[in-house]
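Note that the chains take the letters A, B, C, D, E, F, G, H, I and J in the order they are written out, and that residue 1 is the start of every chain.
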Amino acid sequence: MNRNDVTEMIVAAKIAKGIKWADVAVKIGLAKEWVTSACLGQMAFTAEQAAIVADTFALPPEAIPVLQAVPYKGSLPTAVPTDPLIYRFYELISVYGTTFKELIHEEFGDGIMSAIDFKMDLQREPHPAGDRVSITMSGKFLPYKTY
Amino acid sequence: MNRNDVTEMIVAAKIAKGIKWADVAVKIGLAKEWVTSACLGQMAFTAEQAAIVADTFALPPEAIPVLQAVPYKGSLPTAVPTDPLIYRFYELISVYGTTFKELIHEEFGDGIMSAIDFKMDLQREPHPAGDRVSITMSGKFLPYKTY
Amino acid sequence: MNRNDVTEMIVAAKIAKGIKWADVAVKIGLAKEWVTSACLGQMAFTAEQAAIVADTFALPPEAIPVLQAVPYKGSLPTAVPTDPLIYRFYELISVYGTTFKELIHEEFGDGIMSAIDFKMDLQREPHPAGDRVSITMSGKFLPYKTY
Amino acid sequence: MNRNDVTEMIVAAKIAKGIKWADVAVKIGLAKEWVTSACLGQMAFTAEQAAIVADTFALPPEAIPVLQAVPYKGSLPTAVPTDPLIYRFYELISVYGTTFKELIHEEFGDGIMSAIDFKMDLQREPHPAGDRVSITMSGKFLPYKTY
Amino acid sequence: MNRNDVTEMIVAAKIAKGIKWADVAVKIGLAKEWVTSACLGQMAFTAEQAAIVADTFALPPEAIPVLQAVPYKGSLPTAVPTDPLIYRFYELISVYGTTFKELIHEEFGDGIMSAIDFKMDLQREPHPAGDRVSITMSGKFLPYKTY
Amino acid sequence: MNRNDVTEMIVAAKIAKGIKWADVAVKIGLAKEWVTSACLGQMAFTAEQAAIVADTFALPPEAIPVLQAVPYKGSLPTAVPTDPLIYRFYELISVYGTTFKELIHEEFGDGIMSAIDFKMDLQREPHPAGDRVSITMSGKFLPYKTY
Amino acid sequence: MNRNDVTEMIVAAKIAKGIKWADVAVKIGLAKEWVTSACLGQMAFTAEQAAIVADTFALPPEAIPVLQAVPYKGSLPTAVPTDPLIYRFYELISVYGTTFKELIHEEFGDGIMSAIDFKMDLQREPHPAGDRVSITMSGKFLPYKTY
Amino acid sequence: MNRNDVTEMIVAAKIAKGIKWADVAVKIGLAKEWVTSACLGQMAFTAEQAAIVADTFALPPEAIPVLQAVPYKGSLPTAVPTDPLIYRFYELISVYGTTFKELIHEEFGDGIMSAIDFKMDLQREPHPAGDRVSITMSGKFLPYKTY
Amino acid sequence: MNRNDVTEMIVAAKIAKGIKWADVAVKIGLAKEWVTSACLGQMAFTAEQAAIVADTFALPPEAIPVLQAVPYKGSLPTAVPTDPLIYRFYELISVYGTTFKELIHEEFGDGIMSAIDFKMDLQREPHPAGDRVSITMSGKFLPYKTY
Amino acid sequence: MNRNDVTEMIVAAKIAKGIKWADVAVKIGLAKEWVTSACLGQMAFTAEQAAIVADTFALPPEAIPVLQAVPYKGSLPTAVPTDPLIYRFYELISVYGTTFKELIHEEFGDGIMSAIDFKMDLQREPHPAGDRVSITMSGKFLPYKTY
């Protein structure tokens, strides 16, 4: 049993039982963004978190240590994603990638926005012309240094 | 003279003259995110905007109609970006792509976050452990409908 | 049991039982284009639709919630399709892609034709020199806006 | 001077002079879809058509025979297009490719829709919730035969 | 049971029983080229043909409707084939592709040789310096038309 | 001046002067298939042939030794060709590749059809339902031997 | 049971029983290079050879006809090999490929070294500074001919 | 002026002047295999060698230090070579790659044949059925060691 | 049972039993870097080492000879790694690759750092601003030689 | 004039003038590893550093602001490097990538070694069996955190 097996079990149980990610996040006590990515095999759980997850999705006991091991990350089957929802994020990088680069360098100098010391929040933004998805990302700026 | 030629002229002039994107945005009267992406060849300018851009970067007159034509979009030379700053955004999609998908579907049902009816704001977020890059994205939710 | 498993069951049952997509569409009460794509794993069904599909193709009960979950979309095994029928559509984009772009921009300005707020209709067009396939696509124009 | 050179001249002249594809089509006396694709280097012109094109875009005389030669077709720089407008068409094939295949085979048997004996028409479809792009494609069905 | 499963059964039975493609073609009453490609999963059989194939290769009854469904075509595992015999055909296109294009256009004008309204014949051509493979291909010329 | 430069000069001169490949072949005294591929940079000419080619296309004297050097072969810009005429040949390999393999092995045993000791002939085949392209290929069978 | 299955059985039995390729070659009576490549699924055995192979590796009887069928060749899982030993051969082609081409053409004119009418011998070459791998390849020169 | 420029000058001069690689090798006093690969931009020359090369091919003085710098190696434009002569070597690795691996490991244990401490010799091997290309490669075996 | 199967068993047992690589290394008596890579299927064990590994991870007896066979190396599922930790090493090569090349050539002349006669040591480097990963690599310089 | 142009000027001047990277590093007062990567277009210089670089390599004045702009990083022309020296580093990641991952996670938990807060030192390590390249890398450990 590897992490992919466990992720497939979680996804199947979620669908079969009608569980919501937001509810799992409440049980774990962390943001729904972190908890969902962890359930989808991208983050490592602590022992207590793994026990809650196993209980929630009725996983076998062998799954519990697997949930605690650091996974091989990367959730997508192709380098350019085919799913339209995910592709739109890829398109944003394609269209705005050099803009991100220019504006971050203009404000901070040479360096990057960390994808590790990073958190995000995804919310519904009500709007008369149709509600919007609002995503706030926050990543530590890491400067290149000379040596 | 095509749009790539004009973009290279803009970038060269920006470096040579020490122009800031934020100042160009003020002249145009729009957000720095939109103005930068347009200067980098991803958006079409109006006639007045094009004239301001040409004046700011000392572009030849032939560049003005080129800035008004809709460009072939996509700002990156490779499908997986090599530049570390831009790669981190690609990595976020790789790691969080299925999380975006699950949470948006849980909140809104089947559909996507538009990358066209979209805006964003990039700011410095002061933090005692090191300042952070904060990006707020807002895209209209577009539902799949049956027919 | 994931969505791919269910799609394979549907395709196998369709062949074994000689079911027609057009008949399934009548049962569901929607266009054959939408119903076929949904049966092939590209759209999410409602509970009632899923029950009809399960009954039609004699699927096991566990398949019903799977049909209601939003699938990971993308129906083709390779980036450039190898099947001749599907390749011809890819070729049309290769040959006419820039034409689509120029004519839509000439008529509407900068923006795209939505692939989400989209419907289509595929019909036989009788013709003395050999019948033709007629496809009418209709997608909402989504304009890029400044901000 | 090859066809790519001529295409670049046409595009540059169109932008500089503010020429519309629809007007060129009227001069040529054919559909705007065919004329645009031919101007963009995907079709071969007759001698008279080439003369009109050269006159319209002020091309040098050497361009006239080049416009009459059959071009190496394919208008896009990458196998998966990066431009959002063109990508949506690629996405439609990704999502609906197997649907096209199933419905054409159900109606016509084994074979393809020709991309050669093909024509299309692109129109604005007025709609209270926002105008739509309407595209009607018509391609001859070509059956596979036994031998 | 999908078409790939049936193809693997056919190939395994052919090897185990020492069946020859030419003999299957005689039973079906069509050319060995068409029959072999159909047995290898590239063409759809009629009901009578499928029954003969099933009988010849001792396939289970469920295979019969599968043989009648139109398959997803494309017989090779990689875009550039690794098998030396098949690669030589790929090499011929690489070396002679532009020659095919020039000579067909010189003789027929703009258009293509159909790969659908197509037949071929593969024979041994005796030769004192070593026998040769002779392949005659015949495909209908399909002209591009203006509209 | 390399071979690509010379090929571009030949193609440009052919278009500008309205030269036919078949006429060049008559001047050289060889088949139009070989001569065309050689003019397109895929074969090496002898000194006399090179002189005729240079004279026919009004090439500069430096081109003559370049035409005699063995070129780096491969005439297509992408691994999967985008031009519809050339793609149809690629599709034939995709659909019939395993058929070629099975039938050649059935007739000859393990080995290949040579793409070097190879010739071909391309002709118009008149047909009441529309003329056809007829291509006859002849390649020496080369057996794998044990050692 | 296909050829890959048989190859995996051979490799597993070789490891489990500690069989040496050189000893299998002696039993077959051919060079170790040919015998190893055939056992690894790249060549077709005769009936007697297949019987010896089956006996040596304790294969089931169904494997014997499979060993006699001509396999789909190509032994590597990726176009650029990842295994360091095999990569070094790829690197030699990358670094020396144009050298092979120039020297063979200088000596023989236009043509190739056959990879079919080919044999090779791999030996240990004792050397005071560390023993060396010595590989002698011999392939028939096949000239391109005019026609 | 970079190394590619110099290589192109050498190749052009070789063709224009009818120089033979074997003669250049005699002037340099090294094997034709090493000298040819160095002239083709894959090896670094010493000062004296560079002077001889510059003199032989009538290179400008600036080329001399460029010939002495270590080049970025890799002589082929695509990962899978399109030129038939060079492809045959790639095919040998594809077909015999696992054989090389098995036989070297059987003889030497885990390790590789060096592509750096490597030399080769390419000769014509006369043969009544047609002369053959004979290539002898010798590379130091480098063992993996534990630590 | 092949090496991949054994590697998966080792990884599963490690997680289930909470074994540490550093402890396995102590049992084997070699560096943790070598032992971990060998356990992950990249190196061949001796008979004694294989017995210890089998005992440690409770592997079945058939696994022991498999651990002693030389594996097909390469531990990553994609050419550009998706896992963020491993990607950073890829990024270092992308950013510093030409720097490695220039500095090694400046110090040693033309040649490479061996990846075979190679060892490395990975340690925690305590640091007040956050501990660091320290990796020391040592590879024999292998010079290109003339011949 | 863009950064690539400046990098090519630097490399050409270095070769023509026989400048050593180590000497440039002394002038700048930083490590040779950082200075070389910056000269090769991977890092941004300060105004004073840029002036020293321009003086050392006799660059035109326009190059000075270009050297101060943050470059688009990535120094290699292909995703898998072809140059043997650089490939060996890629191979180390292929063979040891999962080992890096396991050992860093075992020591530090989930997170990465930073490639931004990173420095390295490359030295000659004298050794009786042949000198070695010694590279010490030090990157800050960045932990994934829950939120």
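What we mean here is this: contacts are C-beta pairs under 8 Å (C-beta built on N, C-alpha and C of every residue); 3 or more make two chains touch, one makes a residue touch a chain.
Predicted model, so just to flag it, every value in this text is computed and none were measured.
Student: Would you mind naming the chains that touch chain E and likewise touch chain F?
Tutor: C, D, G, H
Student: Going by the touch criterion stated earlier, list every chain that contacts chain E and also contacts chain J.
Tutor: Touching chain E as well as chain J, we find G, H.
Student: Count the touching C-beta pairs: is G-H or B-C ahead?
Tutor: G-H
Student: By residue number, over half of the contact pairs should agree; on that basis which option among B-C, G-H or F-G is the same interface as E-F?
Tutor: Answer for E-F: the repeating interface is G-H.
Student: Determine whether chain F and chain G, two copies of the same sequence, contact each other through the same residue numbers or different ones, counting it as same when over half of the numbers at the interface appear on both sides.
Tutor: Counting shared over all numbers used gives more than one half: same.
Student: Taking each chain's centre as the mean of its CA atoms, which one is farthest from the centre of chain D?
Tutor: Checked the centroid distances; the maximum from chain D is I.
Student: List the centre-to-centre spacing of chain I and chain J in whole Å, with centres computed as mean CA coordinates.
Tutor: Spacing between the chain centres: roughly 23 Å.
Student: Centre to centre, by mean C-alpha position, how many angstrom separate chain C and chain J?
Tutor: Roughly 49 Å separates the two chain centres.
Student: If I count partner chains per residue in chain B, which residues reach a count of at least 2?
Tutor: Residues 33, 72-74, 76, 79-80, 82-84, 91, 94-95, 98, 101, 105, 111-112, 114-116, 142.
Student: Would you mind giving me the full set of chain pairs in touch?
Tutor: Listed by label, chains in contact pair as A-B, A-C, A-D, A-I, A-J, B-C, B-D, B-I, B-J, C-D, C-E, C-F, D-E, D-F, E-F, E-G, E-H, F-G, F-H, G-H, G-I, G-J, H-I, H-J, I-J.
Student: Okay, in this complex, where on chain B does chain A touch?
Tutor: For chain B paired with chain A, touching residues are 20-22, 32-33, 36-37, 40, 42, 73-76, 79-81, 83-86, 88-108, 111-115, 118, 120, 122, 124-125, 127, 129-142.
Student: Over in the complex, which chain D residues touch chain A? Could you list them?
Tutor: Result: residues 80, 82, 84, 87, 91, 94-95 of chain D touch chain A.
Student: Taking the touch rule as given, give the residues of chain D at its contact with chain E in the complex, in rising order.
Tutor: Where chain D meets chain E, its residues are 30-31, 33-34, 43-44, 70, 72, 98, 101, 105, 109-112, 114, 116-117, 119, 142-147.
Student: Help me check something: in the complex, which residues belonging to chain G touch chain E?
Tutor: For chain G paired with chain E, touching residues are 1-2, 62, 65-66, 68-69, 72-74, 76, 79, 115-116.
Student: How about chain E: which of its residues touch chain G in the complex?
Tutor: 8, 11-12, 15-16, 18, 78, 80, 82-84
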